[in-house]
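Letters are used for the chains, namely A, B, C, D and E, taken in the order the chains are written, and counting of residues starts over at 1 for each.
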Amino acid sequence: MKLIGVVDTTFSRIDMGAAAIDELKNCGTGFKVIRRTVPGMKDLPVAAKKLIEEDKCDIVIALGMPGCKPVDKTCAHEASTGLIQAQLLTNHHIIEVFVHEDEAPIGKELAQLMEKRSREHAINAYNMLFRPEVLVKNAGKGLRQGYEDVGSIKEK
Amino acid sequence: MKLIGVVDTTFSRIDMGAAAIDELKNCGTGFKVIRRTVPGMKDLPVAAKKLIEEDKCDIVIALGMPGCKPVDKTCAHEASTGLIQAQLLTNHHIIEVFVHEDEAPIGKELAQLMEKRSREHAINAYNMLFRPEVLVKNAGKGLRQGYEDVGSIKEK
Amino acid sequence: MKLIGVVDTTFSRIDMGAAAIDELKNCGTGFKVIRRTVPGMKDLPVAAKKLIEEDKCDIVIALGMPGCKPVDKTCAHEASTGLIQAQLLTNHHIIEVFVHEDEAPIGKELAQLMEKRSREHAINAYNMLFRPEVLVKNAGKGLRQGYEDVGSIKEK
Amino acid sequence: MKLIGVVDTTFSRIDMGAAAIDELKNCGTGFKVIRRTVPGMKDLPVAAKKLIEEDKCDIVIALGMPGCKPVDKTCAHEASTGLIQAQLLTNHHIIEVFVHEDEAPIGKELAQLMEKRSREHAINAYNMLFRPEVLVKNAGKGLRQGYEDVGSIKEK
Amino acid sequence: MKLIGVVDTTFSRIDMGAAAIDELKNCGTGFKVIRRTVPGMKDLPVAAKKLIEEDKCDIVIALGMPGCKPVDKTCAHEASTGLIQAQLLTNHHIIEVFVHEDEAPIGKELAQLMEKRSREHAINAYNMLFRPEVLVKNAGKGLRQGYEDVGSIKEK
């Protein structure tokens, strides 16, 4: 039985963690989910590291919604840097799922983008854990999460 | 008995540490507070780490007020990065409470924002330690500290 | 028998990993390749570190294609920082091969640049492992990967 | 007997280390000073860490003068980041004293600012080591080093 | 017998490593040089760390020439950050010698600047290892490498 950690924030404007967990259930079996929620993005790195080291998760999905202001962009950068450090200190993958509040008009469109990206990265996490060969098969395919895939480009 | 560390700065223009400590007392019992003050934001990361490793605090609240100048923004970024590193090195949460001096007109308005954010993050720290299920319940609710909550957005 | 790790992304728009592996085979013998693919650039650092520490690779080639948007530039910076950290934590070289999507018009030109840089850095990796004296001989020669070499400048 | 490390640079345009050491002597007794000088700001972090780990200093004062050019600002950011890391790796405070060359007109005014900030942070270092309660008493008082203190703001 | 590591790049447009080594020979005796060359700046940090940890160098000189493009400035920042980390992880100095390609017109002038800075920092490395008191004597003297020294400023 594998363990998948899911950690999201109270700052976000949709329940990204719930979307990820729901999608994981569609992916298959053989795992349990452990969920945490923290106030903001900058609390994600240590929460993810604790899920790996204390709760023995095999992989973690860390979800957040950086706000519109310049200071929020800086926060997102700090959080991302911390998530990479947490991975290096644990030798475990943490799939970062960030949707910037200004990626789409605030409302239905943004909510759908957040939902879709959360779900598609949940599938990535599942595949990294159970079917890594699917990722190798998709190398260079121009895949995107939340948006349409842009596809490969050709040399000729 | 849990221990909550509180560290703030002499650079700040209100006593943010006192506000946080006062609010913690309203939250409940079962903990003691250990307080430190350092000159500026960049002294916060190691002070917080010492509170965790030397004073055995279970969680730390680190409060600061970045100034208005570009160099102050850089300092805030460095301090935030350090606070995330301190968390990763200790596997303990450190709740960062920063109010930028230019978030509100200097005077009563800024002071109230600083007071309010300090208090609301004190509640977050208390909940993370004693009632983590409250955070999970609030996942994606668009909570803010110091300002009004912006709330969730809907997909339909 | 040496081990060379190759890790690339599903975000990229050509199969950079395949290009690197094909070129390695042209370089010589005495090594095996272990390949991984991850969703995006920020997943590369820990994947490279795991190739070194868990799969015992002697060197790793990490390939990615940062997108055009400002947020993609930030991601590339975070990934690069993480790749340097992964090297420092393992005392092994990780050759970063990034081609920014806006370095050339999207289409044949970009694809060729990505292919060429992937191949030329594969040769660098091979030389670092088997013929480090080739690099010393080329110190200060203004070598470039993917573009024409610019050459040395003279003091007189 | 406590040990206070002082490290400054040959890049700086006044002898900041000498100013700090002179002021420390005014503060009181019970400590010895160990002094180092390095070429530039980016050499400060490891020099400070060596003072703590090899020379057993209890606290370090690290002084530098970032130049006027954009590249100098980047250097200052890198040095500050390194000084915070050095603190986190040693659990000791390192008081950073940076005066940017463009904070005041080059000449008497800049020299006086550098002298004053070096001295005032020397007092901070002394207090952190011997009288931490002085810092707590000054929490939120809007203290500045080199400039006039700006003071607290009121909520009413 | 001390060991001085020298590492430079094939990206650079003059052989900076050779210049540094030649100057070291003018400085005195009592040391041997170990030389490495890597493709680019971002390969310098781990190369320097390996020189210290695997080859037992007492100090390392790391030389590079960041290019003109914005992405090159980011690379330089990442490399510098990594070089500081490498120092903190080893408690050894690594003297960074970077000349930005746009510091002087490409040609004779740039080549001379690169040569001069490489040589002057080689002297710094020698002094840090064998004559640290020379650096203390020059604290605050406004020394520059490659350019004319700007000198001290006076308070009166």
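Please note the rule applied: contacts are C-beta pairs under 8 Å (C-beta built on N, C-alpha and C of every residue); 3 or more make two chains touch, one makes a residue touch a chain.
Computed from a predicted structure; not experimentally measured.
Peer 1: State which chains count as neighbours of subunit B and simultaneously of subunit C.
Peer 2: Of all the chains present, those in contact with both subunit B and subunit C are A.
Peer 1: Averaging only over C-alpha atoms, locate the centres of subunit B and subunit E and give their separation in whole Å.
Peer 2: Those two chain centres are 40 Å apart.
Peer 1: Just how far, in Å, is the C-alpha centre of subunit E from the one of subunit C?
Peer 2: That gives a centre separation of 25 Å.
Peer 1: Multi-chain contacts in subunit E: which residues touch at least two other chains?
Peer 2: 81, 85
Peer 1: Classify the chain contact graph as line, ring, star, complete or other.
Peer 2: Drawn as a graph, the chains make one closed cycle, so a ring.
Peer 1: Quick one: ring order starting at subunit B, direction subunit D?
Peer 2: One full turn from subunit B through subunit D gives B, D, E, C, A.
Peer 1: List the residues on subunit E that touch subunit D in their complex, please.
Peer 2: So the residues of subunit E in touch with subunit D come to 73, 76-77, 80-81, 83-85, 87-88, 91-96, 100, 121, 124, 128, 132, 135-136, 138-145, 150-156.
Peer 1: Quick one: in the complex, what on subunit D touches subunit E?
Peer 2: My answer: residues 8-18, 35-39, 42-43, 45-47, 49-50, 53-54, 71, 74-75, 78-79, 81-82, 85-86, 89, 106-108, 110-112, 115.
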